[in-house]
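Next come two complexes, and both contain subunit A; in the first it sits with subunit B, in the second with subunit C.
Moving on, here comes the complex of A and B:
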């Protein structure tokens, strides 16, 4: 299968002068990882403020910070910032982080830089379950209940379980996992199409939701999201050690005492949990889980213990920045943020192209 | 690689005498059955006697219109479209030496889609008849751009990435357009995006026919070059094949085949991907001289069969055929590729 670009972690030799040089060649954030994390955190904070400041009423960053601190310049700033924009920002921050981490985990266990949450079936399973539920009654999209995320989550986890079972044979090959995921996703998507065709009255709003959008996300959505994030994000970050061992290849990992099929299943489950709970809130945002880990790996090397936190930061930053762009690009219309990220896919592929060509 | 290809051909020699006629017979039977069911069985039903009357030039006016103006062109479109899609898939898979190469890699689908999306949602003043032609132009333009960009390269991954980049860009544009659309516009666009043979008449057949008449024979003629390409670029070059030129030719050909189908029927998925695999597995050979003609047959059988399914499952309501090709094609392809992956466990 030549679509799968197999990457092996680049081995670094720390011998004499050559080792020194290679180490110095490592990008900045790799050498000073804690500093890189700190920088990333700062960028995130700035983006958050900018994100809150963006909207139909323009606020200055100073006004935002004042309102956040409880000393608003104008009383209505409190309402705008706290009731309308802060939940959207928080949701962007956390779902971005979840997509980024899910992508990083998947790229590590599939040993394929083009793996993304879509390929576990998590996204399409969540979408199908959600659409099935939404199709049951009109207006269900409007009410942001707690049921929809749960249903989407169940769909996502079930679909990725199916992918894993189908691809599981004596040894579970990363290549087969990707292929199975792609095909199962395609089938699930056409299931979604059937439901949509049978309920055409809700088609438009559901389609926009499928593309992924942060429009109209409020505290109710946040209340549903945070418990999942609280469980899944630390789990994902903690799994970095396993991911590191899996990256060495199945044979080496087994030799190091890891029970490869179980470890891969566990990581897959965590990634599905991350992706599905994020999809349940913001819809199936494409490319985020693909791009963020890629940039992270370029910044900090192949070590999963560094790539995972960096992917979290980059995923959140990308989604925040994309959402700011989505609100500003075609004012007064607010684009679905999925459109901006889908457009980002193009330069990303071109970048991959350049990087591969000697 | 070469050794295994040699072994494959030897096995094929032993059994081709049985397998080939069997496959061809099955496909022809499938196409005939699809024709009969498609023309007779969907609502309103037509009795075989009614069909016989129409064939002899008589029959009730309703039966006549139904058969000659609606169901026959639809069947012809299914045969032509299926054959063209399957051939383009086979050409692409051989030329790129990538078993998962599909027409979407060329950006053709995305190019046609953006044109249809723009017309539908911006309410551009375009005659209904003109839309497929514009979609065709869009598809060819995008395909041409991708082929020009990938021209000077041997790297199969580069080939994939160029198409993926353009497709991503165009899809984003479609999404932006969609967020401007009204509910009903999006419904229309969605029906196109799924891919359907519904409500097609001789107008659409006339559009696709010249492309089929030129494209299908040309595609069959590339078989020998494809066989050499399968051996790998170095070997092919050593054998005196102008690899890059041949590849560009094959890509242009398959882009043209797909663009014509997509412009008329929308992006129908999995026929192009599945048919070559089915044929290679059924005949146990990758000899393009055999695979290509059989692919055309299998593709036609697949698409017409799926179309009959699409019309009969929820009769009188009908689902777009693109849904059925995916629902059936996905699991089938998975089954077919499982064996292959198991065989090449090392480099999967």
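Moving on, here comes the complex of A and C:
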């Protein structure tokens, strides 16, 4: 009989060691969470103003606020702020939030801190559907408009459904879900590559979209995005209690009165909806869904009721910050924000790995 | 030696017999994983108000039976009944208000605090959206107090010792405020002190708070000491069922576990104590000195009991 005093190896979760070392710094756990929300909101507001101020013509934060308030310093400030930059800022804010929340949901239901939206097939499904559609004719690239996002969304949700069905045998285990998601994504990505090879004339524009970019995002895109965000973000935030129960393992969750297969399918669907509708507008931005929930857990602990909102804030903040960097780093060239995030995200990820194995 | 292959109810102590309306039983259930059946046509009724220990060798189906009672595993044949209704047909949260389960190796994010963990026990009452009310917080506080976990409520699971961790998990089950508590090997991974600690807590929950408890135990001596009823399984069948004094016999140990053992009264309080010393189908006789040792241990035990009785 095992008589180890303080270690129960089987109950240790992947994030086990981290938990030990993080105890000192959970600045916004427990009662301090509202403070964290407040600070997060302030940071977001500041980032939004800075984001609007950034561009080929520099504005000062004061000029931005004046233009937003309807008292522009110069008449053309109104055009710059309202017509050119505000939609881009709003899209960054909301898609960032959606990526962050999708990642947080997936990490909770898969009980794996390395899960990210890509693992539902949502990202690669959306990308393949979009690329297939774009490849049908050069005219479609000229005006992506409103159809492309819907096509991408359908592709993303369909791919997630496929992942869930394939992983389902009597019950859907988190481990099987992750593996199936990775495999389906790999197949879909190879499909994308084949389409790209067949339509090399469109390669450049599609590639930018694959990496993920906010360049040229205007009100048309926002109009397609906001209805999905309005549905999926509240749904995701409201599912935090389910996620909390699912984090306790299938047996405990069943014992607590949760219908585990339904709850997991519902959460997976919400995450796929979030990821696919965000991908549909800004492309396959990697790492955001992985990093935002990680930082969120460092700040607020493991309770999904706090991790979810904090992931929303951090996802939005990171995307805004990265997009500011994308516009400033190689001026006057504007980089695709997906590339900037990946360039910053990969080192961060390495840091996490090093830090988790002392 | 009294043994019955039936699942006949052991008479419960009078004051507890009439108490609960809740009843949990398995009727002719066949259970398994995929194609492999572990249990065939087994019937078993939980005695309300008592502590029932399920014992048996590895793979005998005791954990499987517990999972079926907890609605975690659906029977391929037969059904588990809670208050006369098939448990798979009942709303999930309604079941979770009447029975709680502590699985064998529960998992949770290590950054979760004990308080946050125990709070999840209110889900059967609140559902996914309703915020916790005064009554919920009172139930959480009671659960923490009953398990002696109030002191480490703000601590993270990662910082707990094995014993504290198990208390936190039991508190989670208690926060569900169920008349029935199912525990799958609650003493695994604990040292002897913490094993007894957890078992004493379970007895306390039964004696003081009237919980009906069904638990899977590997240690027969623990089962004999803490259970009112001991149900022995072998190869998916109940082979012995009754009070520990009747169930725990040398013949049973040979037949079910394949070990040769002596059953002695515990020197302190006379509870049956099993001391295995060899495997039944071992080709060789046990070394003679081993036998001597056991005999002398038995003699010592009898002497001790005699002395205590005399003094």
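Some observations on this one:
Simple rule for what comes next: the second predicted complex is superposed on the first by the 324 of 358 C-alpha atoms of A that agree within 3 Å, B and C clash if a C-alpha of one lies under 4 Å from a C-alpha of the other, contacts with A are read in each partner's own complex, and residues count from 1 in each chain.
Here is the rule we use: contacts are C-beta pairs under 8 Å (C-beta built on N, C-alpha and C of every residue); 3 or more make two chains touch, one makes a residue touch a chain.
Everything quoted here is computed from the prediction, not taken from an experiment.
When the shared chain is aligned, no partner comes close enough to touch A:289: not subunit B, not subunit C.
Using the contact criterion defined above for the overlaid structures, shared-chain residue A:207 touches subunit B, although it does not reach subunit C. With both structures placed on the common chain, the touch criterion links A:189 to subunit B but leaves subunit C unconnected. Contacts of A:259 after superposition: subunit C is touched, whereas subunit B is not reached. Of the two partner chains placed by superposition, only subunit C is touched by A:303; subunit B is not. With the contact threshold set out at the top, residues 1-5 of subunit A are in contact with subunit B in one structure and with subunit C in the other.
For subunit A in complex with subunit B, the residues that touch the partner chain are 1-5, 166, 169, 171, 173-176, 179-180, 183-184, 186-187, 189-191, 193-194, 196-197, 200-201, 203-205, 207-208, 211, 287, 330, 333, 335-336, 338-340, 342-343, 345-350, 352-353, 356-357. Against subunit A, the residues of subunit B that register as touching in their complex are 97-100, 153, 155-158, 160-162, 164-166, 168-169, 171-173, 175-176, 178-183, 186-187, 190-191, 194, 269-270, 319-320, 322-323, 326-327, 330-331, 333-334, 337-338, 341-342, 344-345, 347-348. Contacts from subunit A toward subunit C in the complex involve residues 1-8, 10-13, 15-20, 22-23, 26, 29-30, 111, 170, 238-239, 241-242, 244-245, 247-252, 254-259, 297, 301-303. Note for the complex: subunit C touches subunit A at residues 34, 67, 70-72, 91-97, 99-103, 105-113, 116-117, 120-121, 123-124, 126-129, 154, 156-159, 161-162, 165, 172-173, 176, 182, 188-192, 194, 218-219.
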